[in-house]
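Got a structure here, written out as structure tokens. Questions coming.
We just call them A, B and C in the order they show up, numbering each chain from 1.
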Amino acid sequence: MPQTTSWTSKHLLDLESLTAEQIAFVLDTADTFAEVSTRSVKKVPALRGKVVVNAFFEDSTRTRTSFALAASRLSADVIDFSEKGSSVSKGETLIDTARNIEAMGIDAIIIRHQAAGSAALLARTVKCSVINAGDGAHEHPTQGLLDLYTIRKRFGRVEGLKVAIVGDIANSRVARSDLWGLTRLGAEVILVGPPTLLPRAFERLATGPGRVRVVHDFDAVCGEVDVINMLRVQNERMKSAQFPTVREFTRWFGLTWDRFQRCKPDVFVMHPGPMNRGVEIHNEIADGPNSGILKQVEYGLAVRMAVLYLTMQAE
Amino acid sequence: MPQTTSWTSKHLLDLESLTAEQIAFVLDTADTFAEVSTRSVKKVPALRGKVVVNAFFEDSTRTRTSFALAASRLSADVIDFSEKGSSVSKGETLIDTARNIEAMGIDAIIIRHQAAGSAALLARTVKCSVINAGDGAHEHPTQGLLDLYTIRKRFGRVEGLKVAIVGDIANSRVARSDLWGLTRLGAEVILVGPPTLLPRAFERLATGPGRVRVVHDFDAVCGEVDVINMLRVQNERMKSAQFPTVREFTRWFGLTWDRFQRCKPDVFVMHPGPMNRGVEIHNEIADGPNSGILKQVEYGLAVRMAVLYLTMQAE
Amino acid sequence: MPQTTSWTSKHLLDLESLTAEQIAFVLDTADTFAEVSTRSVKKVPALRGKVVVNAFFEDSTRTRTSFALAASRLSADVIDFSEKGSSVSKGETLIDTARNIEAMGIDAIIIRHQAAGSAALLARTVKCSVINAGDGAHEHPTQGLLDLYTIRKRFGRVEGLKVAIVGDIANSRVARSDLWGLTRLGAEVILVGPPTLLPRAFERLATGPGRVRVVHDFDAVCGEVDVINMLRVQNERMKSAQFPTVREFTRWFGLTWDRFQRCKPDVFVMHPGPMNRGVEIHNEIADGPNSGILKQVEYGLAVRMAVLYLTMQAE
């Protein structure tokens, strides 16, 4: 079992407020848990008798299932709390729902919610652990951590790498969590997207030591980056006035086969999923040797085990 | 493990048919289980290898989750059976569904259904345990038991207390279960609500030794009661012709701050949840020192553990 | 634990491709697991630490719950993957979803999907076990196996029996799986239905040694068969032009009380469920001594335990 002396928070709400040491500590802890997933019996008794609630108020495959599996591998019990079968549809406030769940002796609430700040709101309200699984366009910290973990596994380090994040930056919680985590660990982040979806003010978000560049021309930077993280184009966003047509988007900001040829030969391609193949990413790149997409999913499990373990051990 | 000599029924369908001794025995059993929820490892092996089906045909947070957690703490496996993913949407009768579930070797069915009598119908049909988690406007016996348990914890007794139940009495299964349980244990029940939602005939429902009063003026009795149980105002009901406007309802039957000042200083305030804050109950009362609302949720788990344990041990 | 020397496939996709020996081996394995369901503690540690995903893209009670219980009795963890809460509603392809689930270290995917061939498609894509729980009108192999198991339990054999399958044959995956399984084990299959729902070409589907007859007159054969398997009349099908009216269907192809009187006294009546009582089957026959319908459900659990165990042990 890993030492937990470097982690003292009961919650994981964002990456913005974490130090480089705290982030590295979570990734190191994930390393010790990654081994569990390779065993025939994929279980450790670390959280036996603990109860984790998966409270998802938005659709999700990866994240919900990944957390459920992570909790289960730590021998915790997982209760699923879906919006439809819940009192939230009776008009109960999120806080009342959370307090009630907590009164049942739950040890951790994993929450995904459309409102930015909802996880932090819960953390101020309940005494159990709160883990943010995505709150509006604010943050998705476990995605940020698993992206960092995947990059560190590939390159042995994060510091000094150039990482492009491409797409609808302004509305992406993944982009925000990645940006905080990557700059804190010393990577350079290049944000790429159309001006309507990527205000220049994003450059000021860097928290150092890494810096942030805002670029509206993918071709101008694609040849210099070590990592390309393609964000998902969201159907519901495509109808908005700020969004180019799908064809235009693919032409200027998609990772097309043609553009891929102008990248470094060992460029590492990531995507938080689910992918729109042929829109933001070319089919053969997604499935090819440069792709780390399924590794992200695999490592996500170890990272979430680490997050559950660390937050639930904290006093 | 508690002795089960005083409990012989495989089902819990209502409180109307239970004796004072049987009710007290469930509450005593809940006392022994309440301790489990305070442990670090919240599990006992009492129902290991048993399977419980949570068959909810109406929305629910508390009750469904509470039963799932209760079963899980007793080490039973819980299978969730939601209307949407089920053959009930293919037009299968409830009885056929239940028989099929039972044929898979299930040990208990927890059912919530819009039809009064549905739990009793199942109990006549299947051989496994049936636990009523709310059937139409008939009964919600585990809510009644947890209300009794919460009152007994607060006052050390139920006998001799004056308990007001306030709101849409005629359509409330909680009111009915509370009424049977409270009168049987010797409390006086004062039903409070507008005449359209509270026929005077309810006075005849008392089963003794406690008696029942029907009152249409909350102010006339609020100063004399030890416990106020505010029922939820249901949105779907508010549109009906018998229901006053929300503002009128709050004025005459809500637990407003003004009215609360005229109650006994140590009045114990309960609510089955989910609350409409500002409608039937004032915000600060709900969260204040007189409120037992989160205790109801907490104790509900112990009570449901007791109910599952006792019914599933019965031959 | 049973020997697994006669089973080498990681998947169960259909019965068409199985030999008589392979089918018999699954049924024999089910015999050893049937005993587990009669124990007080209904668990064996055979698949402890393994994770099974129940991926159902169509409504189901029996099959989904039956698989969940079967996995649980083998001590596997079961993750539920319903269409609604998943990325499939975000437009992700089935293959991407499956690859992502697999990247989380899942050991088996149980899939029900409206597209014929979907299970086989997955099996070519992922490295974990794939079990077909119904793919369009193609096959439903575990239903076929449990039908065979139920018949073998009743008669001690399958060979030489005459089995009528009655109803909307052309659109039934149950009929197809039964047909392959029954003929391979040497039963004679008589397909009964209106010409619009039962092309004569079905006679050529027999795989021997049993043969297949296509008959459009139920009365002409009802007296000679040992088993009648009544297919479910599907509401959505009833509106189609090829389908007779409900009244006509019942008159010509329903197992009415009158028709039942002209069957063998010990005719064995089966139905995959959920039943339309009064449409394809008379109430009293469904619940009477000739009915094997609840036995099918009961035995289905043992058969699915066998299938999960055998496929997940295969290298």
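Everything that follows uses one rule, which is that a residue touches a chain if its C-beta (ideal position, glycine included) is under 8 Å from a C-beta of that chain, and two chains touch if they have at least 3 such contacts.
Note that the structure is a prediction, hence the values are computed from the model and not measured.
Asks: By how many degrees does subunit A turn when fitted onto subunit B using C-alpha atoms, rounded in steps of 5?
Replies: An angle of 120 degrees brings one copy onto the other.
Asks: Call it same or different for subunit A and subunit C: same when shared residue numbers make up over half of all numbers used at their interface.
Replies: Mostly different residues: under half of the interface numbers shared.
Asks: What whole-number Å value describes the gap between the mean CA coordinates of subunit A and subunit C?
Replies: Computed value for the inter-centroid distance: 41 Å.
Asks: Can you tell me which residues of subunit B touch two or more of the remaining chains?
Replies: 80, 84
Asks: Quick one: in the complex, what on subunit B touches subunit C?
Replies: 48-51, 53, 77, 79-81, 84-93, 96-97, 99-101, 103-106
Asks: Spell out the part of subunit C that touches subunit B in their complex, as residue ranges.
Replies: Result: residues 37, 39-43, 56, 59-62, 64-66, 68-69, 72, 80, 82, 84, 235, 273-277, 294-295, 297-298, 300-301 of subunit C touch subunit B.
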